[in-house]
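Read from first to last, the chains carry the letters A, B, C, D and E; within each, the first residue is number 1.
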């Protein structure tokens, strides 16, 4: 068969990134999402500077101040968003919580991506037995939800380091748990793209030139498979943050002394009926807006990079 | 006669279609048996390519033309048979050993939109093989080399920092040719390099290939569907059918007196501008798929002249009076 | 077909062995089961004795060997808390979870399909824009927040639906306790299945939309238009069937997510299903039950994927299961 | 009266920032039973023209102005329901790639029967009989078994036959065939073309054949339109165009064919390539590649003039014709 | 009338002797009757024993109620009591308590003598745990196995107000009124009980608010205000005797050996604030271990909070700069345990003690507790015998593996003189002398600042208004549902 018509359509002239950028500026929603995301990142980075209180200060937590409503209700100007049940300034806690959640999300996805990309590349490029084996592993991995893996990991870490160590390492462990559970998504997507890219003749051309497999994999194929990765990356950060929140909600996540957004929500939930709604609602809103922004960004990227994400 | 540049003998290649080990088990007559499905893309191909000539390979879709090209280039490992490059056997080399031959033999691909890495500029595309094969060259020498290369294929050197998508199909195909030429080979395999191009652009690329051949005494293995191009460009033509060469002849002889029934049908089917040729010869029957290894003549199922012998015995390539060779029992027996 | 199933079986065994090792490895890492069984006043000697009785002091290999031997005969150990074979306990809770999941999936199919199709064929229409906005937001609200607010609004503030449990159940065929045949049971099913459905719906609406839009671009749809077929036929016969292929595969993959979500929903709604049982077992350190749960879920995943593959093969004629060897 | 007349058709693509013109002032007519061909290089707008006749241009594209009349009915103004009446029944289309044109999840039979049943009210059984008969007509062996098969079980040539059968089901007046054989082997191509030709001849169906292969065109069409960058640049009887092309583009196209040069010699290439929609030059779109281009060509769009049996849009020809006319006048 | 009740846990087993836990004892009160039970006033109420008399320091005689039948229809008599006591002595969980009873003997069909091994002032308190079981019903198939199914764990025959119908472990239990219940004077009118365990506080509360259940326990302190405000629902709160305290491990930390440091810690922790803010006043700040109804309670040992003085003490001890310690607390065992621990950590920061706090689920916490894994550990304790000495024995007595004393002494605090007093109090039959002994211990503990008592938790129940729970709940959390009256 001769080759399909689709490839023939001339790509639009001008630099690819230029094109993407110009499309981006045109899309108000995407710009808004990006601004929100950057804002969150800044806030997370600068939390120690912007937070009105230092959460590490022993005096930060004072029971006397517990459950003060946000300043527009209580008119207590010390606490803009009110305080939680422990008397911590909610704004500061949320800032630090966002920092934690984002760190966990991004680091976890970095792990996922690294693992997934390497495995996907290998499976796709080498094919055959290797491919079969790796994809079976991915299947098995998928059959555990991260909730279950988290429990398994917690247990293993605890027996390795002892319970006391565990809480110091909670963040690292969460990153590992979330990072190690969702790599199949990356792997499968990359593999699918690699399989498609491998068919393309530029790979053969490189082989004919005698270029080594490793170089072909990483210098030729990988850059061409990155657009789906970018899309999944943003969406997965959102997912990772949600996963962390869910684990914290079940009491398997960050310890109460170092609350992430998820643990704040889960803790605040018990105050819903009591009328101190802000302890739950404000962190929830913070989380939802962050995730919404990430998802919108992912959507936009998906539409504009038009990548082939994993389907089968 | 001088040693041919490339000599291919008894080349076979089969692809297995059920890779996984478990998938190979199936029930046959109520018993569990292991069974490997395979596609026999090449079934014993013998060819030679001489220095400075253009050997065109024609044949219908799926007859194994690309597989042949890929086997020569070492992109697939043949199942059986030998490939020689000037007396040296090259079909069983590993990547390291093949390195030398990579410089001697190069390839141009069909799809100009897929054969260039979309994430690499023209400069990167060209400098990679040069730097790889001639590590002694300095930066400046490489730059110079690329400049001359680009100029020689008619691309302005100023666009060397552009990405492939900024070029039209014809330009890309010329860049592909430049890439192949960058290591200064003396043999180029071109797998349908024109089929994606428009007539007007086709001419540009074909001209370039003709020019380069004259310039460097290149040899081509040229795969195509387009018999008009073959007639124009080829020194000799090999007609393939279902993984075998069924007729091999100098161009003039082939077009003036096609012998093999398939060649005849093929030539009669070309929609020519001028002639008001008679009806094309209609081939009855299904185009077979090369799942089963054929016994007898591969063309048997669609051949109007097939007899019992064609079903049983493999026809041999026999030299004809006009220096063409044909593998056909009917011709051997003088039935046609 | 048979070979296909056989292949799945081998794969399943492989999965099972890995899962069993892992789940067994965590056995005594979750905490001390004995602590849960005795009162505070019981002396440490007594506890040690009990531990000995339970075989908790044996070496890991010994314990695993015992476990594996039992597992081959379908005995995944005995739950400390329920004092019954762990498998039985889980299977007893299975109907509840399955009903919940089934209702959620039904809701998803009923709602997501038309929404996705609408959003795909009329992308500019205000309704489909609204749908997309809602699904974007829906995708961003974690399920536990959805569930919490559902409880808060529907049962506490408005008192429309019960907030926990399964309500009245009827037994059918003597092996299935069903809640879907009584009004009470259905009303209990409402909130949990709804929140499960809401959490997964956006994924499917968007997926169906994207796939449908892809399919609508294809040549054969254009050909169908050129044949003068009615829009209904083109959308629902030509396009939808092709759309469903990737949706089915993704659906199979989402099974893992579904399991995670059932854990969350069941915990919040006190739904007496497997997920709730699992969390309970974890906090009770009922390790045999935890291990059995992991194994059962792994098994279910393999089964779901097999079923998904079978369905895929049915819908997609180009994938012949026969070609896997019949 | 013409069966189909297209006049001053303009088709645009509405992109984010700009409007791109894909077809500019295209006019032609088609008579009952006539076979015409549209040739041109890739991207000339041939397919767009084909699709716009049945109003099937894909999304950002729309018909900006102009009219398409089927007998007396204006197609551009019709609503979907009316169009559905026309499509398939009066005007049928064959697409380029038989591999992609049939829905992979429906059987051949389903796809044939639904076409009949959506236009006429007959029973499934009758429809099936018609379908099988048509399959037989396109020389498919054992149509009964094929009827229940899925497209992937058929070879490419077979599928193209099925597609031809499916457009024949309702005996349309016009068949638009958009490169029906490009994806096929030469031998199969010949068979399909013959089949198409025979069917058109036998049933008096008008054919619009879209192709870039002048050889194919010469075998089938009575009249040929040459397109370049959204314009029709030359129109006339096929033989005339092949033997005596007027427009420099047509000339170039023909000259570039390998047959036109001696074996082993360089071909007569046209420089450059066809512009994409975004970079269409002013004036005559062909002027950057035209060896005879003048100042005027860069600024003005030549109009379509009759010269002999064919019509051409080129200042060169226009000047020549004018010269002839002047000479005539002077002579007189 | 049907009562739907939601508790935080359900009994592990139907066998009343399998596990000594709140759930089991609650269940025992539903389906069995004790010989005697606690009244709200702190007195004993005669149930199956109509009266009792002390024969000597070792022996007590119980006169049993006549014409009582078990659910199985078997008549109740003295042999059932003997049988039950003997069975209790074999139960791993109850053995510790019943070891002090040497034997029980039949005097006549309705009279029983109970002999203690030594003079035992708490004999009656222990006898409150005797829920006579139906000997004829259980005999021969009455083994107690912690891990496995037994006859007794699946079948019930008691004399109690309710008859067991069915249960689905972990999600539902049904009981119906015993038609032959002997106590015809009881106002109770509940015909059927459906008991659902709901673990999550908010879900349980939501179930009450949405009308799915009639009666719940417990209410999280956070929700108390809201519950009070909700119409149609009423709330009953009773201070309980469960003490929450912190252990400061003196062997892990040199600093804790210094009484000044311990005192400083005690002074730095503001029990009242914790109770007010975290428990919403739903507990009683404690300055000692014994609740006020215990004999050991010393009236004027109030919790002290004085930050200045605490800082001074730290300075005197040479720890002005403070030090760093580890602390562990459970996070799902006691009401808001995790928050309390956090608050404590914050309060200790004020005297420059930096606390690395770890909170664990109870399943893991008590393992760590047994290992004394942190410098400060939290513990809650309810005295089984409703007596101070039980607290002292487990919490502050010198740890001794043989006698089992000090099993929960994570302070590793050891003062032999105190142990002597505890020992003495165990056999002192004279109430007055005993009070002095116990109060002395409490006073010593206070002066030594051996542990940090935090508060006595309160118990709260909530129910629909028509359910008159105020009459049947008590500080041990054994609601006497048999006497529950529901307005129609």
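In this section, a contact is a pair of C-beta atoms (placed from the backbone, for glycine too) under 8 Å apart; a residue touches a chain by one contact, two chains touch by 3 or more.
Worth saying up front: this structure is predicted, and the values here are computed from it rather than measured.
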Q: In contact with chain C and with chain E at once: which chains are those? Just list them.
A: A
Q) For the chain pairs A-C and C-D, which is connected through the larger number of C-beta pairs in contact? A) A-C
Q. How far is the middle of chain B from the middle of chain C, if each middle is the mean of its Cα atoms, in Å?
A. 53
Q) Distance from the CA centroid of chain A to that of chain E, rounded to the nearest Å? A) 46
(Q) Could you pull out the residues of chain A that touch at least 2 other chains? (A) 1-2, 8, 10, 13, 158, 269, 272-273
Q: Would you give the residues of chain E that are in contact with at least 2 other chains, written as numbers and ranges?
A: 202, 206, 209, 332, 361, 364
Q. Counting only residues that touch at least 2 other chains, which ones in chain C make the list?
A. 30, 152, 156, 245, 267, 282
Q) For chain E, which residues count as touching chain A in their complex? A) 201-202, 205-206, 209, 220, 222-223, 225-226, 270, 273-274, 277-278, 326, 328, 331-332, 338-339, 342-343, 345-347, 349-350, 354, 357-361, 364, 368, 373-374
(Q) Quick check on the complex: what are the chain C residues that touch chain A? (A) 11, 14-15, 18-19, 22-23, 25-26, 29-30, 136-137, 139-145, 148, 152, 156, 210, 245-246, 249-250, 253, 256-257, 259-260, 263-264, 267, 279, 282, 290, 294, 297-298, 301-302, 305
**Q.** Interfacial residue positions of chain A with respect to chain E in the complex
**A.** 58-64, 66-67, 85-87, 158, 163-164, 166-167, 251, 255-257, 269-275
Q: Report the residues of chain D in contact with chain C in the complex, numbered from low to high.
A: 51, 54, 56, 58, 80, 83-89, 92-93, 95, 97, 100-107, 114-115, 118-119, 150, 152, 163, 166-167
Q | Residues of chain C touching chain E in the complex | A | 30-32, 35-46, 50, 53-54, 78, 80-84, 151-152, 155-156, 159, 161-166, 267-270, 272, 277, 280, 282-285
